[in-house]
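Paired with chain B in one complex and with chain C in the other, chain A is shared by the two complexes that follow.
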Partner chain A sequence: MISGSSLVARAAPLLACLGLLAIWQVGSLAMNNESVPTALEALRAVPSIMGDKESLINILASLRRMAIGFGIAVLLSIPLGLLMGRNRFVASFFNPLLMVTYPVPKAALMPIIMLWIGVGDLSKTLVIFLGVSLPVIYHSFEGAKAVEEKMLWSGAAMGMSAAERMVRIVLPAALPEILTGCRTGLVLALITMVTSEMIARQSGAGNILFNALDMGQYDTVFAMIIVIGAMGICFDALFEMLRARLVRWSEPQFDMPLSFS
Partner chain B sequence: MTARAVTADIVLGLVPLALLVALWQGLVSFGYAPATLLPPPGLVFMRLARQLTTFTFQQEVAATLFRLFTGFSIAVVLGVGIGLAAAASAPVNAIVRPVVRVLAPLPKVALYPALLLLLGFGHESKIVLVAADALFPILLSTYYGASTVEQKLIWSALAAGTSPRAVLFKVVLPAAAPSILTGCRIGLVISCIVVFLAEMITSTDGLGHVLVTAARTFQAVDMFVPLITISLLGLVLNGLLQALRAHLLRGFPEV
Partner chain C sequence: MIAIDHVSQIFQTSSRKDHLALSDISLIVEDGAFVSILGPSGCGKSTLLYIVGGFVNPSQGAARMKGKPITGPGPDRGPVFQEFALFPWKTVLGNVMYGPRQQGVKTAEAEAQSRVLIEMVGLKGFEDFYPKELSGGMKQRVALARTLAYHPEVLLMDEPFGALDAHTRTRLQNDLLNIWERDRKTVLFVTHSVDEAVFLSDKVVMMTRSPGRIREIIDIDLPRPRRRTELLLDSRYQKYVVDIERMFDDGGEAELPR
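Let's turn to the complex of A and B:
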């Protein structure tokens, strides 16, 4: 049974979307600038993009790269972060390396990586992988560091091996924090995907966006912005639902993504 | 931790960095990578040192820094302001929360073409993009910090006759400072990254533009120089903010 107030709370983001679109509509009408279409015109152009076979293939290819890059990054980063959180030597081994690579703009590596391994899927996936890894490692690290020692001692006293303690105690205890990292990583994956395609300009969603800009098809530009923005919002909402299911036991967390590091 | 353990940690931490440089040098020296694709590290750093003293390169750095700081300052003012307002007033909160929920996960770079159309190819579009990207971490951590201020502190201040407005600035703002500064640190690094990317996508000056020009002419050495410069800038600014934080938060319990 959904109460009235929670219904409002659920509908609020939707209302916010409508509100923002309304502001856009009014603003563009007021500006009367030829290169800025109204929200309605842009929305009307969305089906034509999604219906076009070539751009659909491009967008799906982008999403595939993003999924692969994100998946590999998460699979490698969580164990590394957990190990760093539980073992001081591993932590002091990797921490300076991560600190130095943290402010490097990952998508800016694109031109250099392109020189080495070409413009193909591999270079773009690699860049996404690099972008996602750092926040996931960092949050797994923080989560594993905060695990209560007593639980680990109890586990050891019950005869669990170190590996077992890692999987059955540290992993679940750090899960809320890990998922925060994954959520940040997911948004970053999308950002890196779009940026790398804007820089490499060969295929994908970012490329459609800038090609349309070059050719002066302004309603396509804005429609593509709506498509990419909607992807970001949908991924975040879906991940939030997944998170709520996985860590229902943890304290009700802040419902907005806190860190975008 | 003893001083000795700290030194051991630092030494251990330098190992992967040294390995990385050694691997880089090794790849070049043993001919796995041609020097045109991967210039040796010595060459890159010498080039960097030489470039940093030339006027044209300094101008590019200045253009980047100007956009970076203007955008970041706008983000700090708006982020702290909106964050505090959302924590202090229920009606503002009711509007800000869902809007932020929608806008925060939106990839801001996708807005860049729209900003180009609206504001042109100059400083403005890049500054707005930087501000938009840095805004949300600052806003969210301000909001989070301000809404978790201990209620007793506020009650005490009110009971002592402080006006609600003064409470906001004298109690809530300082109490939220650690969280706000954490947000600013994240926002600052994001600003560095975003300004560079925006300059790479379309620009006529700035560090990102230097990288793109080098890439067009396949000058690998010149591609590494701006990339290392922006990363160093990020590290230095991050360190400065850390020092500022330590100064501002002296006397706070361990944060």
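Let's turn to the complex of A and C:
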């Protein structure tokens, strides 16, 4: 039996989206500006993008780069972050490098990277990789640092080697924090994916958007923004489902712990 | 047998001063003995336990287990910490099975042994619970079972009941003694509670306030198996408790270790 208030809570995200579209619709009608299409016009342009084979190829190419960049970044960043969290030397070596590179918008490196390795897939994937790496390294680092010493001692007493403790204690203990980093990384991957294509116009979702902008097809521009936003929501929701499954043990489940000694 | 031989421990404080935590400790713990290390907080008693566990290297001196110098942690010495230190991503059963699996025991066998231990510590029915779903007393029961599961020769208990309320604490003390009576493993038990030390131990090692030195070693000559309700009325038990509390009082170097 779903109570009224939980029904409202479930419908809230949908209501928020509808509200945003309604404001957009009213606002664009009021502004009556050619470069601001109404929400309905933009929504109407969505199927024409999704139905166009070339657009789809472009979007899929974007997603492929994003997946590769994100995947490699996660695979390399988690071990590095964990090592940093448990080894003072590794931390003091990499920490300054991270502090310097963290605030640099990775897409701003795009022109230089294009000079070095061209405008193809490699440079765009590299930029996505850089964008994802930092939050994942940082959160893995923090997660590993916070692992209780006594937990590692308990493992050592069972006969686990340092490497085993890293994989079988530090990694699972830090997993909630690591996945928080990955979630940030996923959003950043989408952002850097679009911005890299804004700078290196050759293919991709960003390419469709900025070409349409050049040609004054404002309904397509906004439709593409809707498509990218929708992808963001979907990825985040899917990732959140995966995260919740993996770290169910860390989330409060009962309001009160069982009371019995 | 554990032999602690002229062990001293010096720490660097955050202001880079040397702090002498333990000063020239020598102690022999016989096999099968239940020995408590009793002292005020900050006297280095936990550090002494960590040195025996191999988690901390002494600045001077050495600890030996069966004649062999202790150079690191090992499954012959099983720790139980005040902080429980359970693996939160594992269920109760998963936590208890962890040690035997690590030792190469087959899954089915490790599970069977672990279920027996879980029942022994009074947690039958909670095998599939995660640590976050348990109370403090239950967590410490799991921690004890997890350590017993890999059959250490010595139990190193670091104020294991220190974080628990008085009622839970009493129940766990009783249960610990009952479990200990079955195989009488060597136990080194760190505590700051005088009655806990007297109730549980064959021998109480009294330490001074920092820098920790051994002040007195008292043999507790009370019959076993011990029952709390009987002991509380026993004048010998009362005398041990009062004598030890007086010693802490008149020494001038330590407050009543409560």
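Please note the rule applied: the second predicted complex is superposed on the first by the 244 of 261 C-alpha atoms of A that agree within 3 Å, B and C clash if a C-alpha of one lies under 4 Å from a C-alpha of the other, contacts with A are read in each partner's own complex, and residues count from 1 in each chain.
Operating definition for what follows: a contact is a pair of C-beta atoms (placed from the backbone, for glycine too) under 8 Å apart; a residue touches a chain by one contact, two chains touch by 3 or more.
Just so it is clear, the model here is predicted, and its values are computed rather than measured.
*Asks:* Going by the contact rule set out at the top, does A:156 touch chain B (first), chain C (second), both, or neither?
*Replies:* Touch partner of A:156: chain C, not chain B.
*Asks:* More residues of chain A are touched by which chain, chain B or chain C?
*Replies:* Comparing touch counts on chain A for chain B and chain C gives B.
*Asks:* Which partner chains sit in contact with A:169 here, chain B, chain C, both or neither? Use first/second/both/neither.
*Replies:* second
*Asks:* In the superposed arrangement, does A:148 touch chain B (first), chain C (second), both or neither?
*Replies:* After superposition on chain A, A:148 lies in contact with chain C alone.
*Asks:* Check the residue A:94 against both partner chains and state whether it touches chain B (first), chain C (second), both, or neither.
*Replies:* first
*Asks:* Using the superposition described at the top, list the residues of chain A that contact chain B and also contact chain C.
*Replies:* Correct list for chain A: 254, 257-261.
*Asks:* Using the touch rule from the top, collect the residues of chain B that touch chain A in their complex.
*Replies:* Residue list for chain B touching chain A: 8-10, 12-17, 20, 33, 37-38, 94, 97-114, 116-118, 136-137, 140-141, 143-144, 186, 189-190, 192-193, 196-197, 200-201, 208, 211-212, 215, 218, 220, 223-224, 227, 230-231, 233-235, 238.
*Asks:* Give every residue of chain A touching chain B within the complex, in rising order.
*Replies:* Residues 12-13, 15-17, 19-20, 33, 35-36, 88-89, 92-97, 99-100, 102-109, 111-112, 114-116, 187, 190-191, 194-195, 198-199, 209-210, 213, 218, 221-222, 224-225, 228-229, 231-233, 235-236, 254-261 of chain A touch chain B in their complex.
*Asks:* In the complex of these two chains, what residues of chain A are touching chain C?
*Replies:* 148, 150-151, 153-154, 156-160, 169, 172-173, 175, 247, 249-250, 252-254, 257-261
*Asks:* Provide the residue numbers of chain C that touch chain A in the complex, in ascending order.
*Replies:* Contacts found on chain C: 53-55, 72-75, 77-79, 81, 83, 85-90, 98-99, 102-103, 129-135, 137-138, 146-147, 150, 152, 164, 167-168, 171-172.
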